[in-house]
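Single-structure report; data block below.
Naming follows writing order (A, B, C and D), and every chain is counted from residue 1.
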Amino acid sequence: MALTKDQIAQRLSQELKDGYYVNLGIGIPTLVANYIPEGIQVMFQSENGLLGMGEFPAAETVDPDLINAGKQTVTAATGAAYFSSSESFEMIRGGHVDLTILGAFEVDQKGNLASWMIPGKLVKGMGGAMDLVASAQNIIVAMMHANKKGDSKILKECTLPLTGVQCVSKVITDLATLELRDGAFHLLERAPGVSVEEIQEKTEANLVINGEVPEMRLSAPVPA
Amino acid sequence: MALTKDQIAQRLSQELKDGYYVNLGIGIPTLVANYIPEGIQVMFQSENGLLGMGEFPAAETVDPDLINAGKQTVTAATGAAYFSSSESFEMIRGGHVDLTILGAFEVDQKGNLASWMIPGKLVKGMGGAMDLVASAQNIIVAMMHANKKGDSKILKECTLPLTGVQCVSKVITDLATLELRDGAFHLLERAPGVSVEEIQEKTEANLVINGEVPEMRLSAPVPA
Amino acid sequence: MAGFNKIVTRYEDALAGLTDNMTVMAGGFGLCGIPEGLIDQLVKMGAKGLTCISNNAGVDHFGLGKLLDTRQIKTMIASYVGENETFEQQFLSGELEVILTPQGTLAEKIRAGGAGIPAFFTPTGYGTMVAEGKETRKYNGKMYVLEESLTADFSLIKAYKADTMGNLIYRKTTRNFNPMMAQAGRITVAEVEEIVEPGELDPDFIHTPGIYVDRVIQGTFEKRIEQMTLKQPAHA
Amino acid sequence: MAGFNKIVTRYEDALAGLTDNMTVMAGGFGLCGIPEGLIDQLVKMGAKGLTCISNNAGVDHFGLGKLLDTRQIKTMIASYVGENETFEQQFLSGELEVILTPQGTLAEKIRAGGAGIPAFFTPTGYGTMVAEGKETRKYNGKMYVLEESLTADFSLIKAYKADTMGNLIYRKTTRNFNPMMAQAGRITVAEVEEIVEPGELDPDFIHTPGIYVDRVIQGTFEKRIEQMTLKQPAHA
């Protein structure tokens, strides 16, 4: 079975390490904050000027002066710091964020990523995504493996306008965990119950399969 | 009579205007703070990270954490702000300081200025002087008109390594007030009792003299 | 206005001198930390043909969205302009020119403008549409794009507190683009929630020193929320 | 050291991994805001062939002057190095390489290094020795010099207070080069006067967020004064 969005987030959360500063993109990546593994601490950076983003506020503590990069009302964690947008991107561009998890429309085997624009539809803008992908040492892309018609989004070459080039190393989808090495995606894990054949079929890019491919372990229970 | 250093500072102080943010260099310029004309307010910027430098401290309030760019212990004026060195030079390079008064070894009629290095002697470094002269819209140079042997320091072309090019517009010396226009220094004022002939003799650069040259007015008394 | 007193009491005075075809920066991220009253005044004045620099373009009929309703903006420089139908219409009809700029590059271009840096290299956008026609260069094996700085005739910013000398502090994530814009405006006007006397703000903790600020006005703020998200589902 | 606890209690641990021929930044302006104990530890460790980046080089036998006594510095990048005889001797004998850099350019090069900007144009030094061999370019009728950024293997900085997560605040003019160096170090070590619990520093007024800081150690400081100047003449 393909993973739900929450299950993708659960699998992504296994990439967190104790003491990591992490930037989570809008969409599935945001859900990762709900699955922080026990015994580890992470700090979330929000590019509008907050290091140490906390959970959503209770109704009585909502503060319009405190939002995240998705413009949602949030809280600040203990030990948080506020700063300007230029300082925020000093952090990001300077490589100080340990891990960036973000969504994409397409990735390709050159490591390119498209996530901000679909020509013909209205362009909303790239926000901070181009800075994040150009700067992070450690990027994980969270996305659906294929579109609703079954067409692969893991491509030999992106068809949409790019967000960044040669920036992708790891991709976690509803079907698989992929690692990009030497111009090909290596299949590291399958979603539980998903066959290697299905993944191969839905992967347009070169796919390397070495021996038995293990299933993902989704240990933490999905919250209600 | 040639002006004393305090009298030069007194004449320089007439260039201050109400509401000016001012950077004073080391030496004679520092003395300008003692002669702020009555009825006007100015704020002094010290490039090590202080806007609103106050007077020297009383012995019992000396704070080693509070110095000026000359490494002297100082105080902070009401309404002061501290900031980092990069922020300080954002202010300077961004043209936010209204007036910079600094010393020089030589100036020339191209507007060049030499103030930081005498080859053969040890080079101490340029500190913030190069940033100040490259950035300020409004620079006044305070200096001696000639050296002890009577050789002019107001030159056709500087002989020492430059601090900045095409940056000088006004020079106030122990003998005269000069303004640089169209490649020549225009004699605006004489020190009290100093003849036009003496100034001409001690000025190697092209000097323009238009009609009667007034004497400087040094109204404020020199404090003890 | 003698010495360093930057206070003005009327919005007309706050934006005096702002005329047609000027470049105007406006602080804020989404609707968080925007100079609401200064935007209203700009609508009232009706200055047209503006180049507007702001991370976002407000929402329909609020924030900078108001200046779209009145068609006062000719060119918009922003990083993200979603959720705004008026914007969409004017953009598609070609009435509005839009220069989309990555958020970090936008922040750095504005910071550079106020800091006397005319251009800098950044990795952001290399190999994308954003880098088209721009100089690129390799440093330490990585490719970078040369970006030029931005300045404005007027910067309209929002702060939490000001003293009468124009020293400013911001609150929480309202800081965003406001400090850099304060530095990059030829004339910078700050609309604030509270004005205090000089000396009341701790000199160690001033976010924007008064040297950048030309005028300060006390405002009242609606502080509309774009995405109300709560820990427990709201039963509104 | 679990989670975000950055505290170390021994100076050996504070500078663990600092070896010969590394590039080391040290905060401070003159003797104001220098990491005294970290410099002492560096002397004790004896790492040699260092490239040292600091606005000044201390005075004879104090501050970075101590590292000159022990001949641990090979290259010094600074803006002003007066009042130091040991420095003078080693410089004149060719033992010490010195790269003099204008103060604002030095600050911006370090800031750029920590901010992922590899190079920028600045007006400073155009037409002088500083610009020799460097690319220049005209923007809006004015000439600018292209300068490249600086980073370090270790940044040794001095702050007033830290929380255990490495959030820092500075006091008065001790701030100077410390915040930028905190950002530009691959490993940043902060020596502070006081350590507090997370949450005790106001998130609106943190000068250096903990993300830049790897290790924090509590020190004691002599805080020697270079130029004691008093309002009334001192009768010492």
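Criterion: contacts are C-beta pairs under 8 Å (C-beta built on N, C-alpha and C of every residue); 3 or more make two chains touch, one makes a residue touch a chain.
Here the structure is a predicted model, which means the values were calculated and not measured.
The chain with its Cα centre farthest from the Cα centre of chain D is A. Taking each chain's centre as the mean of its C-alpha atoms, chain A lies 56 Å from chain B. Centre-to-centre separation of chain B and chain C, using mean CA positions: 36 Å. Taking each chain's centre as the mean of its C-alpha atoms, chain C lies 33 Å from chain D. Annotation for chain B: residues touching 2 or more other chains are 76, 82-83, 89, 92-93, 135.
Shown for chain C are the residues that touch two or more other chains, namely 108, 111, 115-117, 122-123, 170-172, 203-204. Taken pairwise by the contact criterion, the protein chains fit none of the simple patterns, being neither a path, a ring, a star nor fully connected. Here the chains touching each other pair up as A-C, A-D, B-C, B-D, C-D.
Residues 18-19, 21, 40-41, 43, 45, 51-52, 76, 78-83, 89-97, 135 of chain B are the ones touching chain C in the complex. Taken in their complex, chain A has these residues touching chain C: 46-50, 55-59, 62-74, 76, 82-86, 88-89, 92-93, 112, 117, 122-131, 134-135, 161-166. Residues of chain D touching chain C in their complex: 108, 112, 115-123, 137, 139-140, 142, 144, 148, 169-172, 203-205. Remark: chain C residues 2-4, 111, 113-117, 163, 165, 167, 183, 198-199, 203-204, 206, 209-212 touch chain B in the complex.
Residue ranges on chain C touching chain A, taken from their complex, read 29-33, 55, 78-82, 88, 91-92, 100, 102-108, 110-111, 122-130, 170-180, 207, 223-232, 234.
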